[in-house]
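Listed below are the structures to be examined.
Each of the next two complexes has chain A plus one other chain: chain B in the first, chain C in the second.
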Partner chain A sequence: MPLGRRSAIGVTTLGLLVLAWFMATGANGLISPGRFPTPADTWTAGLQAMVRGYGDATLVVHVLQSLKLVALGFVVSVAVGVPLGLLMGTSATAEAVLNPVFMLLRPIPPLAWIPLAILWFGLGDTAKIMVIFFAAFVPSVINTQAGVRTIERPLIEAARMLGTPHGRFIREVVVPGAAPMIFTGLRLSLQASWTTLVAAELVGALAGLGHLLNLAQQDLYPGMILVGMICVAIFGALTTALLGLVERRTLTWVRIKGDTA
Partner chain B sequence: MTGALDPARRMVLGLAGLVGFFGLWALVAASGLVGKAFLPGPLEVAERLVTLLHTSFAGGTLPQHLASSLQRFSAGYLLAAAVGVPLGLLMGRFRLLDDIVSPLFDALRFIAPIAWVPFAALWFGTGFGGPVLIIFSGAFPPCLLNAYRGARQVEPRYIEAAEMLGTPTHRLILEVLLPAATPSIVAGLRIGAGLGWQSLVGAELIVASTGVGYMMVQAQSGVATATVMVGMAAIGLVGVLIDIALRALEARIHNRLERA
Partner chain C sequence: MSSIRFDAVSKSFGAGQVKALDDVDLAIADKEFLAIVGPSGCGKTTCLRLAAGFEFPTSGRVLVGNAEVREPGPDRAVVFQQFALFPWKTVVENIELGLRNRNMPREERRIRVMEAVELIGLNGYEGAYPHQLSGGMQQRVAIARAYVLDPQVLLMDEPFGALDAQTRVVMQEELVRLARRNPRTVLFITHGVEEAVYLADRVAIMTRRPGRLKEIVDVKSIREAEGWERYSRIEDVMDLESFVHLRTHIWRSLREEKTGAAH
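Moving on, here comes the complex of A and B:
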């Protein structure tokens, strides 16, 4: 029942907001259409982007371009970040050597890498992947390392005592034990990937949602700006949901395997 | 997991890591594998930093750019704290407000702060107001969420006791919820500062005409790589300083709460 009440109020609020949007931006509304688009403007802009295209490509192409870069950047950073986190979590020496370098680079916000990335790689995909890498790889490393630390010591010592080979030890003790934290890291990495990609595309790109936003801003086209923002929100939410699905599957699997092993 | 290292060994290894990092950087820069214009060595970057302290680049010296960045940051951040913390507390206290604001907040949260740049520029211009809105949208969520969580975690007993004694609502919020939620609020303020500072850099890269971010964009288009790197270092350093200041505030508040 409380949930029913809560979602009822939520739906009402969002409904009222849409209504307010219609009223406030209408013919003699409070907000001029030059500042915030009317629902009709937004619809037209969305249709235009989908059918005729905007900024040399249709909306589908922009979305696919952004999704591709987020996926690539995310995979590269996770593929480097998680093993590095495992290494720093399991080896005190590696941790002692790498941690200061890490502490030195970490305060630099990911977005601050954008100008350097453009200098080195231009406006193409490589520069975007480099920026996403610097943003997304940090949460992967930190959370993986923290996850390894949460594994109970007796478990580790038992495995050591039984002479478990290092590869099996990592695969069957460390990774499953750290899995929940690793996924926390992956979620943060994914969020960081989206934020930095949009920023990098806003600064300079040839396609993608950030590029669309940037053109819409230059053209003073509020309807298209809103279309771009809605797409960023929808696909950000979708990829997060997808990762959540993978997380639930994997963690269940890890638990079942742990029980039967 | 091989047990803790003793501090001396740790320090030597840490130094080795740093020396390795700067050494590799210097080596690659000196080797000529990458054009000098694209990868200046650490020393050149340090030299450039010193030069920029008193020489103007893109309309100002480094301290001047930093000052205008900090000005924007303070405005946006203070606004986020001033709106986010009270709203979070009120949401923690009044169910109806919570039910109304939460869905809006959840819907908006998926929009990366930086995606607000076009509207921010359209509404408030690219000088001061626009970037301030971006910082606000970066710093606001943790300010609100942490105040809300802090208020929700207050032991119901205290609230019930206060209610039974007939404490007026404003006093209940100021004298029961606020003190109990303070640790959580301060943690939120710290996270918010980090995100706000980062959003500012993004905003300045895209729209501003002063500030460190702007300096870096200008340097980028002029292939002044050393200046870009100085900008990165300055941004990192100021970010750390902001965090240290907030940590000190956090510690002070903790002490005071414990004594009270």
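Moving on, here comes the complex of A and C:
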């Protein structure tokens, strides 16, 4: 489907959704404004959060706080996860050593780390980054490792035959060979970063979108709840789109391969 | 001096259940072009992989230039059937990797790579990615990647098997031209009898699994006696009575193999 038509359909769908929202929460609507806010309520709440602030900070401050922690948590997770995945993918010994630890850690829901994180680091940023890390480094490791396994054996043999030293072999053969899967891992890591961050902020935070959501719930303020949710949706989508852009810029050769194959 | 020698080589896979090679003795002289033909699954590719150092014999020894093969290396360049080019590297980047690994200075490297690109006739495609090229062009890049190393030994595993008939003929003629200009010790694996007779100095015929050497046919003496070199086109050579005779001989030998194993 052409891109123009696709985005036209997308915009229409969103428009219809907003229309349905208007009608459902309107004067003779089906949903009472106490349960779900009207668009006008949400707009007012949004304006209030932006101009006067809500929960000791303006909306911009809450958004920036969450964005900062997602970015930090994501970067730490990826910086640990991808090299670990490369190591486990290329070395059978490393895999044998690390896999049992992994098997033990994986069933623990990331949110179960929150109590420990708060105990260690309090309500500040470090605790959130720790919780994000435990959620987000796993998909990076697993997908990177799987990506290394997808590299065709003749390519590895060709690199060895050409006398490629180990460091260059990792940089110029293993990483690009695993790159499409590494990016899949990064996308999942980013998703996990948002999910766990908001959850961690809900439980205990001094600022951030999760904190705003938590306060709005305590204040029985549906409009503000929706403002928080919409912000998470928008900035989650934006960061995902940004990652997609980086992927397309980095993996030019994959697009070429896809076009001609 | 870089001969290849298989000394009583046997190779089994998977805890000895599958015997791929059984007691193979074979010597390929320095700068000799030897082709191995045989039914599929006879272990001919295993021979090449042993010489390349991708696999190791279960018993016996494989020697290249009097040293036992212990690992793959650029002294034994391999041309793979499925080309094995790095899809994320351009034509030039693929060809020059082996030279970079040798720490050749940039300027010298550039000259060598450009010579290689010229040789395989891919001028104008230096910056192309493998998937933008046809199969024949990709295999030319793979051959250039091997040639640029100036290897003593060239190991080719059905290099033209994945090409269409016309491209294959062009590549075969090119390979003969290259081999005449710059002779190397070549181990060439193929199931094409005509290809083997056209290209090789000697043709080794292998039996069905477990692969043994059945017969080695000397092509070179006949080629020289009958003056095949006078013809540059493959179809003219293939028309010669001496060529037909050799081809038929090898065909029969292989056919005995195929029917012989059927009962």
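By definition in this document, the second predicted complex is superposed on the first by the 230 of 261 C-alpha atoms of A that agree within 3 Å, B and C clash if a C-alpha of one lies under 4 Å from a C-alpha of the other, contacts with A are read in each partner's own complex, and residues count from 1 in each chain.
One rule holds in what follows: a contact is a pair of C-beta atoms (placed from the backbone, for glycine too) under 8 Å apart; a residue touches a chain by one contact, two chains touch by 3 or more.
Because the structure is predicted, anything quoted here is derived from the model rather than measured.
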Is it chain B or chain C that touches the larger share of residues in chain A?
-> B
Touched partner set for A:Pro154, first chain B, second chain C, both or neither | second
Looking at the overlay, does A:Arg5 come into contact with chain B only (first), chain C only (second), both, or neither?
-> first
Pick one for A:Leu162: touches chain B only (first), chain C only (second), both, or neither.
-> second
Is A:Leu104 in contact with chain B, with chain C, with both, or with neither (first, second, both, neither)?
-> first
Touching A:Ile118 in the superposition: chain B (first), chain C (second), both, neither?
-> first
For A:Arg52, select first, second, both or neither according to whether it touches chain B, chain C, the two together, or no partner.
-> neither
Touching residues on chain B, where the partner in the complex is chain A = 1-5, 9-10, 13-18, 20-21, 38, 96, 99-100, 102-104, 107-108, 110-119, 121-123, 197-199, 201-202, 205-206, 213, 216-217, 219-220, 223, 225, 228-229, 231-233, 235-237, 239-240, 243
Show which residues of chain A lie in contact with chain B when the two form their complex.
-> 5-6, 9-11, 13-14, 17, 35-36, 89-93, 96-101, 104, 107-116, 118-120, 148, 156, 194-195, 198-199, 202-203, 210, 213-214, 216-217, 220, 222, 225, 228-229, 232-234, 236-237, 240
Within the complex, which stretch of chain C touches chain A?
-> 52, 54, 71-74, 76-78, 80, 82, 84-89, 97-98, 100-102, 129, 131-132, 145, 149
Touching chain C in the complex, chain A uses residues 152, 154-155, 157-165, 168, 172-173, 176-177, 179, 251, 253, 256-257, 260-261
